[in-house]
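Common to both upcoming complexes is subunit A, partnered first by subunit B, then by subunit C.
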Partner chain A sequence: MTSILTGRGLTSTEPTAPPARGVLSRLLRRRDARAGLVILTLVVVAVVAGPWFAPHEPDAAEFGRVLSGPSASHWLGTDQFGRDQLARLLDGGRRSLEATALVLAISVAAGLVVGTVAGVAGGLVDVVAMRAVDLALAVPGVVLTLALLGALGPGFGNLVIALAATTWPPYARLARGHVRAGRDRPDVVTARLAGASRPRAAAAHLLPGAAAHVLVVAALDVGQTIMAITGLSFLGLGAQPPHAEWGVMLADSRLYLTEASWLLLAPSAAIVVVILAAVLLGEAAAEASDPRRVR
Partner chain B sequence: MGEPPVIEVVGVSRRYAATPALLETDLAVGPGEIVGISGPSGSGKSTLLRLLAAIEPPDTGEVLLGGAPAWIRRYGRRRRRPPRPGYVMPVFQNPFSSLDVRWPIWRSLTEPVAVTRRVSRAERRTLAGERLEAVGLGGLPLDAMPSELSIGQCQRVAIARALAAAPAAVVADEPTSALDVTTVAGILPLFQRVAADGTALVLVSHDENMLRALCDRVHPMAAGRLGEMLVC
Partner chain C sequence: MLSLARRAGQALATALLASLVVWALLPFAPGDPAARYLEARHVTAPTAEQLAQARADLGLDRSPPEQYARWLGGVVRGDLGESARSGVPVTRVITERVPATLRLTVATVLLALVVSVPLALAGAAFPGRWPDAVGRAVALLGAASPSFVVGLLLIEFVVVRWGVGSVVSTGGWSQVWFPALALALYPIARWSRLLRAGLLEALRSDHVTVATARGASRARVLLVHALPNAAVPSITVLAMTIGFLLGGVAIVENVFSWPGLGREIVLAVTARDLPVVQGFALVMAVVWVAVSLLADVVTALVDPRLRTGSRG
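Moving on to the complex of A and B:
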């Protein structure tokens, strides 16, 4: 076949991404994916609905019950100000998961837009966008985040901005690669010859596939993002007192390790469980979306 | 030919890096004409087809669609300028990869119409049903996905999609090489019907016998050059 010799014939040997509904059904057939999904759903329901049912306010201090252990009225005990640890765990969890969702949503959207525009436009736009990505990737993410937080100041909103600003480049590169590789796909060429503009053909035929690939990678990054958010909050760069957040709760608890070690357990366990569930789901999504791994 | 050519290439050459794929080639195809191009791998057949469809510009020479240049130079870049959207439509070798795997067939079938004017979903589905009927797939569910079709059905859908643009010419690269003999026997009359309606057809194939049976003329190709025409 001439097309294989030249690599540019009317033939395409490129593997196309599997359709979304196939990926979803393959994903849900996997035990690890179901486990991850169930755990994440339970955690999300607990942190969203929990504060309405929790018998204590997360910021209500009860100085008569400082550092008291788990009891019937305070299932996870109280902290150094007598605040209910369960109420703070749920409130802090909502804040941690909200920030994770926000960071990933912003970085995925920015990565998809930059990558797709660069891939479709090509030429100078592509060169400029990809050199900006190279530049962002050349600096270690933590250093860049700390520098941005240094400039913006600590705070939960600034933490989200700083993390989103440092996590979008890999998504942009992935989306751009997908769009560039698919430009000569038969369905795209047909759409172009039928009269679709380059952006329209890319949006219709290439963007859904690029988004699916980027979302799978983002699913793998959920754990890392939670780690970054709680880690930076632990350092005092995220949520500020009196607001609860899992990283802040860990930072507070380390001062009372000897007299109230239970304070450390709940936020640590919450972080581990959510990251584990996110990794299970992310890995399963990556395998389910890979056409070479279809079973 | 009494009428002006639907598509014409004049002295076109194309090379990929250091490899010349097409050298000083001339070809004109009139309305309703079926032209076959045969030749071994690497002879330049697919490159010629890409130039005829104005998928890519030639290095030298001119591609004319409906008598007007297919490429214009604007802001230092060459831009495709067909007489109208869907003037030349392609049919690819691999029917599975030529349809969007995420789209039900009604959506692929009517994309050529939907990109040029606003069409309601109901209108698109009606049109898709008519297009399927025209290629002998009347019973096929409109919501079927490409993965649920046989390879022959996919190729018919791809042909129906190409015809949905009401093209002046259809270029097909090895349209039957992925199909079995029975399916090919169903596809060839379809091409004849398309040509009988006045659409110019350019078919590239290794199968010279098939081309001779179907085409008005066949040009053998070798080493990037078009050989003497064989009248069928």
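Moving on to the complex of A and C:
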């Protein structure tokens, strides 16, 4: 029906098209997915655009207003240096979410490249790539992250590296499986017969489907990644003070539990809401991409 | 029996892979390992000869495979090196901290089972009705609440405000339940949903229909006929979650000042005390391999279909 408008009718209705097609529309029809998406979008807009509108700087100390509760000028109160908590929440959220996006982007890209290359090339390349995956999966994820941080040293950049190093292996395995399963699909064979090289045929016909599969799994990992970044920063192994970051803010709040509980509540709520939205969206994406899944 | 031997072989291979990963961290240690080795022996300004001697002592002049074999030999004999901070043998640092962490893990698994099984049963007994909705809400909140957030909220509102329990822990059984609760939320979320899905699937199977037709009560059908079938696949998930807990203790133990491995590892990571970090990672990896092996053995023992045939 849409072929007149898009001119793609023939290919888009091919029975051999990757199963991921239509996932997005099926996803957006779900209430939980829409809720998750709306919350995440609002938070991203807030942390990106918020600082332009916020009346206070995230690291401007005001020693006359140390540990003051929520008020008209400081909606979420101030911390132990009189810094505006709302400005720090926005600035810290940007840092937490940027790191999450970075970890997942690196992992998805690395997993797709390694998995697709291994699946297409086969032979020795495949064996070496998959043993590398086995190697990275032999140690439980969080433990390996901690061990890598111990080797590289604590810090926000190293935390992103350590988390990406433990996140990509399952993606590579998934992409490889997809590529190998689809090697003899009619559209791939046709492309090869039409003269496309193996890498070209794989990139055009197998990579999109592999990417869709990997992205769905990555969507499920968003919540875990935010948890890891804020949690390890909370332990002092990631973002370092004076930079605001949700985990760092929680660590700071520990010293003022009795007199300033707003310092604890605001970052806690932010973390839980964002992860909740990510979980809703991730699970909806997993279910939408697999209609057989039992609800 | 044959498949068990093969599975054990796999477990050993995974443990060896893990040891290779852990060993490969060593070159990242800050500074010259020979200088550090001498410093721990109170040689602050080493001469070139002393350094060369130390290098030979440590086997640093050999090829990497030889160094790995030498290191692994030490590990097998229980020699994990010495802490770069204190010079105390890593094996002792770890064994001193294991009991507290073990208590925390056991309490967490118990708590998670006690909460998640009834939630799953209620959800499967009344799918789509309010007990199921409660189960889903608990699962969602559990999956979205990081252990350190829950831990801090527990400390703030239960320990500090109400004066229940104590902020400083000695690592005993009486104080284990708050940290265990913080750590258990995630397994509760995972297990209750998975077990519920398994129960619903089991309820649709033929033997359950037959049992219902023969007049078994709803409760009996659920507990006697559906639960065992649904529980078998959950054992594997249980083992996987324990791998997750092994990392999670690092965060929760720091929130509650719990004197276990998790707190030790964070101190070691902060100071880049690599021998302790390596020891921790190795112990955790071996525990994980052992737990998944155990889960497979138990699954095979419980499920008659898996007892003899060869599995994927």
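Some points to look at:
Following the convention adopted for this analysis, the second predicted complex is superposed on the first by the 269 of 295 C-alpha atoms of A that agree within 3 Å, B and C clash if a C-alpha of one lies under 4 Å from a C-alpha of the other, contacts with A are read in each partner's own complex, and residues count from 1 in each chain.
Simple rule for what comes next: contacts are C-beta pairs under 8 Å (C-beta built on N, C-alpha and C of every residue); 3 or more make two chains touch, one makes a residue touch a chain.
Source: prediction; values computed, not measured.
Legend: residue contacts after superposition of the two complexes on their common chain; A:264 is shown touching subunit C, with no touch to subunit B.
Comparing subunit B with subunit C, more residues of subunit A are touched by C. Contact with subunit B, but none with subunit C, is seen for A:195 once the two complexes are overlaid on the shared chain.
When both complexes are overlaid on chain A, the residue A:130 reaches neither subunit B nor subunit C. By the touch criterion stated above, A:144 is placed in contact with subunit C alone, subunit B being left untouched. Once chain A of one complex is fitted onto chain A of the other, the partner contacts of A:186 are limited to subunit B, with no touch recorded for subunit C.
Within the superposed three-chain model, A:208 lies in touch with subunit B and out of touch with subunit C [touch as defined at top]. In the superposition on chain A, A:165 makes contact with neither subunit B nor subunit C. Chain contact summary for the complex, subunit A toward subunit C: residues 134-136, 138-154, 223, 227, 230-232, 234-237, 247, 250, 253-254, 257-258, 261, 264, 268, 271-272, 275-276, 278-280, 294.
Those residues of subunit B that touch subunit A in the complex are listed here as 16, 19, 21, 39, 41-47, 49-50, 53-56, 82, 84-86, 88-90, 92-94, 97-102, 108, 111-112, 115-116, 145, 147, 161-162, 165, 171, 173-174, 177, 204. Residues 1-14, 16-20, 22, 185-187, 189-196, 200, 204-205, 208-209 of subunit A are the ones touching subunit B in the complex. The residues of subunit C lying in touch with subunit A in their complex are 14-15, 17-18, 20-22, 25, 28-30, 140-141, 143-149, 152-153, 155-156, 160, 197, 200-201, 243-244, 246-248, 250-251, 254, 265-266, 268-270, 272-274, 277-278, 280-281, 284-285, 288-289.
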